[in-house]
Structure formats: C-alpha cells, structure tokens
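There are two complexes below, and they share chain A, which is joined by chain B in the first and by chain C in the second.
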Partner chain A sequence: MLEIKHLTISFYDSPVPDVVLSDFSMTMEPGEILGIVGESGSGKTMMALALMGLLKKTARIESGEILWMGKDLLRASEEELRSLRGNEISMIFQEPMTSLNPVLPVGMQVEESLKIHTDMGKEERKKKALEMMKAAELPNPGELYHKYPHQLSGGMRQRVMIASALVLNPRVMIADEPTTALDVTIQAEILKLLQKINREKKTAILFISHDLGVVRKLCDRALVMHQGVTVEQGNIESLFESPKEDYTRKLLSSIPTRETRLRRRKLHE
Partner chain B sequence: MSDTVVLEVRHMNSFYKDPGQKRQQVLKDVSFVVHQGEILGLVGESGCGKSTLSKAILGFVKDYEGEIIHHTKNPQMVFQDPFSSLNPGKKIGWILEEPLRHNSRAGKAERRQQVENMIERVGLTRDYLERYPRELSGGQRQRVSIAISLIQGSRFIIADEPVSALDVTIQKQIMELMISLQEEMGLSYLFISHDLNVIYQMCDRVIVMKDGQIVEEGEIEEVYSHPKHPYTKQLLESSMEW
Partner chain C sequence: MKRKERNYNLILGGCLAALMIAFMVVGLFYTPYDPDAMSGPSKFAGPSLQHLFGCDHFGRDIFSRVLTGSGTTFFVAVSTIVIGGGIGTLAGAFTGYFGGWLDEILMRINDAVASFPSILLALVFISILGPGKYNVILALGVIFIPSFARIVRSEFISNKEKDYVKSARLMGASHVRIMFVHILPNVVPTLLSAIAIGFNNAVLAEAGMSYLGIGVQPPDASLGRMLAESQTYLSRAPWCAVFPGLTVILLVLGFGLLSDGLQKGRGSVSCWR
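Right, the complex of A and B next:
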C-alpha cells in the first residue's frame, strides 16, 4: 500500500547541509500497526512529515521515492497531495492544542475535512462529526460539539484530533507521539482507542514513538531508527526478544521497567 | 536509612488565587519527612500538586498553613528543563562558579578548583567549562544543573522531573549519576516524577499524590507489590498495561 524507497532528506538551515534522514526504506501493509521507534534526532518525525508533504522550506529531499499505491508522492501535484491528505492519509500529533484552532468550536473542526473533501450538506456533516466523536469515545458529543479546545482536557483534545483524523475514513493514520504529553491513566485509554479503531475500521496506523514499552504492546512490526538511519526492523517479538543490533539492545536495556532497580541499596542497613 | 531527618512537612495546606477568581486549595493536609540518605519518590499525574509542593518546600508559595522544617542548609532544586535555568550568554565555568562568587569566602583559585572538581564529579571533563549551554546536549546540561545544585555543599536536593525530557538512554545515565552521587556524598533526594517506572528504579520510598493529597506512602517494593489505595492501583495498572 505504502512504500518508501531510499529516501534521503537534508536540512539547509546552515552552510553545511544536515542529513536528517538517510537512505530510508520501508513498506506498510493495509490494516497493520507499524511502529517507528527512536530517540530525538533519529529522523522519525521528518519521515512522517515528508510522507505528508509537510516538510519545512529549508528541507530538501535529496533522493528516493514515496509510493502510495504505486504512485510517487514526491512527484504528485499539490492538488493530488491535498486530496490524499485526509482522504487516504491523516495525521495526529503529540500536542493537539497546537493543531486545533483555539477560536473554533471542536465540532466544526472535526467536520472541516468533510467540508473540503466532500459535497456533504451541513446537516449531514454534523451528523457524521457527531458519529466520529462518539467513535472516539468522547462523552456527550452533542454538547461537546459547541465547546472550544481550551475547555477540554488534554485527553479529550487528543480524542477530538482522532475524530477529525478519521472523519474521511483514511487508510492510514500517522500518529506522532500521540500520548507522550498525557498522564499515564489517560495514555492507556487513548492507546486502547487506537487499538479499537485499528481493529474495527481496519485503519493502518504508523505509530511514531520514543516509548518502546508502548510500541511493543501496540504494534505488529517496528523499525528502530537512530540518527537518520534505520538500525533494525522486524516483527515485534523478534525485535524485542532477540535484537540483532547493539543500538537496539542499548535502547531496550535503557527502558525503565519494574523488573530491575538501579537503586540497589537496602533500607535499614 | 538513618533516623536523621532532613525535611519535615507538617499539615501543609496551600492556596492559590487567580485575579478575579476564588481562592483555591491546592495542597490538603500534606505531611511527610525525608530521611538523611534516602531517595523519596513523589509520584502523581498533572495537577496533583507535586510541583506546588516542591515550590512550597523552597519557600516560593506564600499562601499556606502548616509547617515546613528544614534540617539541612541550603536545599537546592534540579528542574526538568535545565536549559531555561542556565544563562545562555555565559560559559559553563562561569555559571558553575556564580553561586560561589556570591556566597563563599573562597578566593578565585580555590573557587576554580571547586568548579573543576565538581564538573568531573558529574561525569564531564574540564573542557566543558569553556562551553556555552547551547553547545551541550540535554543530558550534559542536566549534569551541569546537578553540579550547580551541589557546588555550595548542599546535601538535600529536590529534583522535579529531572529525567522526563531526556531520551531513554540518557535518562538512564542521569539516573545512574544521581544514584552514585547519593552514595558517594550521602545526599538525600525528593525525587518528583510522573513516571512510575523511573520512581521504581530510583527511590527507596514513595509518596503517591492525587488532588493535592497524599493517598499512599510506603517503601517502594511494598507499595508496588501491594498497593492499598485504589488510585495507586489504577496508576500501577495503567502503566503496566502499556
């Protein structure tokens, strides 16, 4: 469905161009949850932004192809890309507050893509928006429809983002650190919701995260990235049970778990 | 753990008021002690009052009732984002020497010696003293802020989410550094985090806060294996599940 081949991206912010993604390749199958794991500066977000055609102006794609159903997005017109975003591929971010319009009721924002991409009438759009808000497990969609983003909690705002990302029933949703800014109890709810959406609507999810624990439980396959390069990829079990590369092992051994403690000292010594 | 206490907080109630709004209670009857040489964890979700508590301990909250009794001199704080507390226009050496310039009687050569010793203690080489904060990575900056907190001889550190902004590999290094400094120098920490696994890795005891109240307190293994309060159970389950 989606294939990226030998993608290299550089930033031209300084006199010496900075390679942020180097010879990156991946494929994504319909309905799967693919994890992209890496620390800051690994290139994981740049890859997603390239996919959405949202790279900043100082970024240049040096080489490679992004194939959607065999069609190269890097050579697609702005119009083709616009129709693809929303209709086929949508994206949610870490901080919903920055992508939501602060002066527009959230219901209007959920139905915005319908306005742009479909010829649905007003009533029909509202009905669809309420339906999506319900699917995103927002309480009292009818009431919430008229509220503004600042009146919602972080978890509810992320649900609104998810509702608006799904309103056109895309085949892929890119989720870039969607739960990183949330409290642990809310994070668990949002992840469960993503899992449910994937199961029920068969929406494939490209899940970008620094959190290996979450990736392990949510994803079918994952790619480990480091400094713009793919270090290792594979299905979740083999990646976590028998990592081949040193960096993957280091990453895995750094996750704070409840199996071992760094603090060895006994109390009452 | 010794019986010596470095900090006592007794029946602390704190209040907050926005202009034109009603006065609201943030902390509700919070009492606890930090023992000499222990790492006490404070865990809770956003808005539970953990940051207010750390500010109150250092005297930044004026509207409160109850008692805060320090048994050590000069408690210091380490923050989540060291970049905002490091002067961008000065080199690390200057920044690290600054507290000594104001509060110590040591001469120039002696101050320099203390600065050089301290930068090495936190795992950086002396050439970092000649660099600017922007030239350092997040982990290196956190090392510098730990050095600043210790340079005046403080033995009690309040660390508010000190590893939350760091990548996991760096996070582990900073946690290891804090533990080894604790052991070498006999420090005491109040270690604040939203991350239950980080708390488990680091701390001897833990306090769980919700809505401005302490809902549970105990030794780490005990609380994690036999949580008593439903909220502690919910927190542990949510983070276990994912």
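Right, the complex of A and C next:
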C-alpha cells in the first residue's frame, strides 16, 4: 500500500547541507502496525512529514520516491496531496496541548476533515463527529462537543486528536510519539485505544516512538533508525529476541528492567 | 485561572462606550429640535430645561447638534475602521502567513504610508479629493491600514508556526481556510483592542480635521466644527464649546478604557494558549 524507496532528505539551513534521512526504504501493508524506533534526531519525524508533503522549505528531497497505491507522492501536486491528507492518510502528534486550536470548540475541530473533504450537511457532520468521539472513548461526547480545548485534560485532548484524525476512516494514521507527553496510565489507555481502532477499523498505524517497551507491546513490525539511516528492521519478536545489529542491542539494553532499577537504587544508597 | 482583581477598565470603558453609542444612535433618529433650525431670540441662550446644552450664535439647539454631530463622528469613525481594519487585516494576514517577496513589498509600502504624519497625509488626500464626509472617510481609512496590517501580520507570524496550524494542514485544509478559519479567531482579541484604539484615533482625527475646516462640511453638524465655531465666543458663551468638547472627551475616554480593559482581559486568554 505504502512504499518508500531510497529516500534521502537534506536540510539547507546551514552552509553545509545536513542529511537528515539517507537511503531510507520501507513498506507498509494495509492494517498493520509498524513501529519506527530511534532516538531524537534520528529522522523519524522528518520521514513522516515528507510522507505528508509538509517538510519545511529549507528541506530538500535529494532522491527516492514515496509510492502511495503505486503513485509517487513526491511528484503529486499540492492539490492532490491536500485531498489525501486527513482523508487517506492522517497524522497525530506529540503535544495534544498545542495541536488543538485554543479558540475553536472541540466538536468543530473533530468535524474539520469532514468539512474539507466531504459535502456533508451540518447535522450529518455532527452525528459523525459524535460517533467518532464515542469511538475514541471520550466520555459525554454531546457535552464535550461544545467545550474548548483548555477545559480538557491532556489525555482527553489526545483522544480528540485521534477522533479528528480518524473521522474519515483513513487507511493510514501516522502517530508521531502520541503518548510521550502523557502520564503512564493515560499512555496505556491511549495505546489500547489505538490497538482497538486498528482491530476494528483496519486502520494501519505508523507508530513513531523512542519508547521500545511501547513499540514492543503495540507493533507487529518495527524499524530501528539511527542518524537518518535504517539500522535494522523486521518482525517485532525477532527484533527484540535476537537483534542482529550492535545499535539495536544497545538500544534494547537501555530499557529499564527490574535489575537496572535495583542497580540504580544501590548506587543511590 | 482565578482572577480576583476585577477589570474595572473594561467595565467602566464598556459602560461609557455603550452610553456614548446609545447617545449617537438616538441622534440618528431623534433630536429635540431641528439641529439646523436657527432662531433669533434664543441666540446664545444658556443651558436651561428647554435647551439642555444652551444655544449657539445662530440660536441653534446645541444638544440637538451634539446628538447629530456625534452621529456624524461615529459614522466617520466606524467607516474608517471598516476600511482600514478590513484592508489592513487582509494585508496583514497574507503577508504574515506567506512571507516572502509579497511580504517585503507590501510591508515597505506600509512603512512608506506609516512614515508620514497622519494629519499631513490626510491633508494631502483632502487637497486632492476635496473636503467632505466621504473623502475624510477614504483618507482616514487609507491612513489606518498600516497599523492594522502590522498588528495582524505579527500575530499571524507567531501563530502560523503553532502546532494547531500544522494539524489543520495535516487534515488537508487549504491556506485560505487555515488563515481565516483557524488563525483569525486567535487574532480576534488583539484585533478588538486595536479596533478600540483605532476608533479613538479616528474620532480625534475626524474632530481635528473638521476643526481645521477640511473635514465634514456645513451644514452637517460635527463636533470638531462646533468647537471651531464656538471659539470666538468662548468667554461669552462657554457652553458652546464645553458640551461638544466634553462629548469628544467622554467618547475617547470610554473607548480608551475599553481597549485597555480588553488588552488586560487577554491575559486570561493567553494563559491557556
């Protein structure tokens, strides 16, 4: 469904171009959850933005292609890309605090994609939005519909973001560190929600995270990135059980376990 | 987000502004006397129950003239804001959002307009177009564009980098939609206080131009004209000058406080931004 081939992106803000992604390739099948793991600055987000066609002006795509249903998105017009965004591919990101418009009511923001991509009437849109908010497990959608983002907690805002990203039932949702800004219990709930959506709506999820534990729980397949280069990719089990590359092994050993916690405690004493 | 301190500026300014607006609106429909009717016997009559604010050198009722005069002033000020604020907001939105060469060109034109003293620029306009109510509106409107454009532009520049704009783009919203549906509502609080200040400046500019005789032309009543006419009789009939002057002061004070209060009120908006 989605295929990225030999994608290389450089930034031209400094005199010496900065390669943020080099020779990156991946494929994604309908309905799967693919994890992209890497430390910050490894090019995960840049890859996602390139996919959406929303790179900064200073970024340049040096080579490669992004094939969506066999069509190269890098050669698509702005118009074509716009009809894809929010409709076929949608994206949510890290900061639910700032990614909602502070002065528009929540319901209106969930409906936004419907307003842009369909010619549904007002009532129909509202019905669909409420349905979606319910699917995102928001309590009391009817009441929330008229509320403003500052009246909601972080977890609820992320659910609103998810509802607005999924309202048109896209084939792929890119989730760029969706749980990083949330506390652990809410994090678990959001992950469960993503899993449920994947199962029920067959939405493929491209899950970008630096949290290996989360990726292991959620994803079918994962891809490890380091400084713009794909280090290793494969089935989640084999990746975690028998990593082939040194970097993957190092990354895995950074996950705190019971032993590391004990070791740290000893150090403090 | 508890705010114990009450926003007195907003309350007082709002009341005063509302009062003055009510005053002007009444003036559009009803005046106790015909504002242009002269009467010999009541020439220079002092304030009384019959003539609340007294009468001027033609025996015209000052209360009626203040009512219609402030109506004229209000009309000129509002039209000025509509022209200046409307074009300024559009220009600021486009330049701030897109940036680049369009921004450079429009903002340099803006600087050029803003670098003239406004009264001088107004004089230039009037000397080309000729005096009169509508030409004053046009001149003031053009003069007011730069200040609005600059305020809106800076707001757009700071807003366009925010995440909610990014998420709107991710939903496939077009640039125009992002500008006017997503960003503009965030600019409204700033724009409102700019409108209140702009309204004040427009009132003062209109009064000033009419005082100089290049604004509203007789027989139309205007606060500025009334002040100019009455200065000859200032010691003999001070009420001719006091009441129009007082009206201007209250009007400007009301909207000044209102704008101040709106700016303070923005604190509560920005804390959840």
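Here, the second predicted complex is superposed on the first by the 259 of 269 C-alpha atoms of A that agree within 3 Å, B and C clash if a C-alpha of one lies under 4 Å from a C-alpha of the other, contacts with A are read in each partner's own complex, and residues count from 1 in each chain.
To be clear about the criterion, contacts are C-beta pairs under 8 Å (C-beta built on N, C-alpha and C of every residue); 3 or more make two chains touch, one makes a residue touch a chain.
It should be emphasised that the depicted structure is a prediction, and the values quoted were computed from it without experimental measurement.
Using the contact criterion defined above for the overlaid structures, shared-chain residue A:R85 touches chain C, although it does not reach chain B. After overlaying the two complexes on the shared chain, residue contacts for A:G213 are found with chain B alone; chain C is out of touch.
By the touch criterion defined above, A:M69 lies against neither chain B nor chain C after alignment on the C-alpha atoms of chain A.
Of the two partner chains placed by superposition, only chain C is touched by A:E95; chain B is not.
For the contact definition in use here, the chain B contact set and the chain C contact set of chain A share no residue.
Within the complex formed with chain C, the residues of chain A that make contact are 52, 54, 82-87, 90-93, 95, 98-104, 112-113, 116-117, 149-150, 161, 164-165.
Residue ranges on chain C touching chain A, taken from their complex, read 162-164, 166-174, 177, 182, 185-186, 188, 272-273. Residues 39-40, 154, 183-185, 187-188, 191, 210, 212-214, 217-218, 250-251, 253-258, 260-263, 265, 267-269 of chain A touch chain B in their complex. Here chain B touches chain A in the complex through residues 1, 38-39, 45-46, 138, 167-172, 175-176, 179, 183, 194-198, 200-205, 219-220, 224, 234-235, 238-242, going by the rule given at the top.
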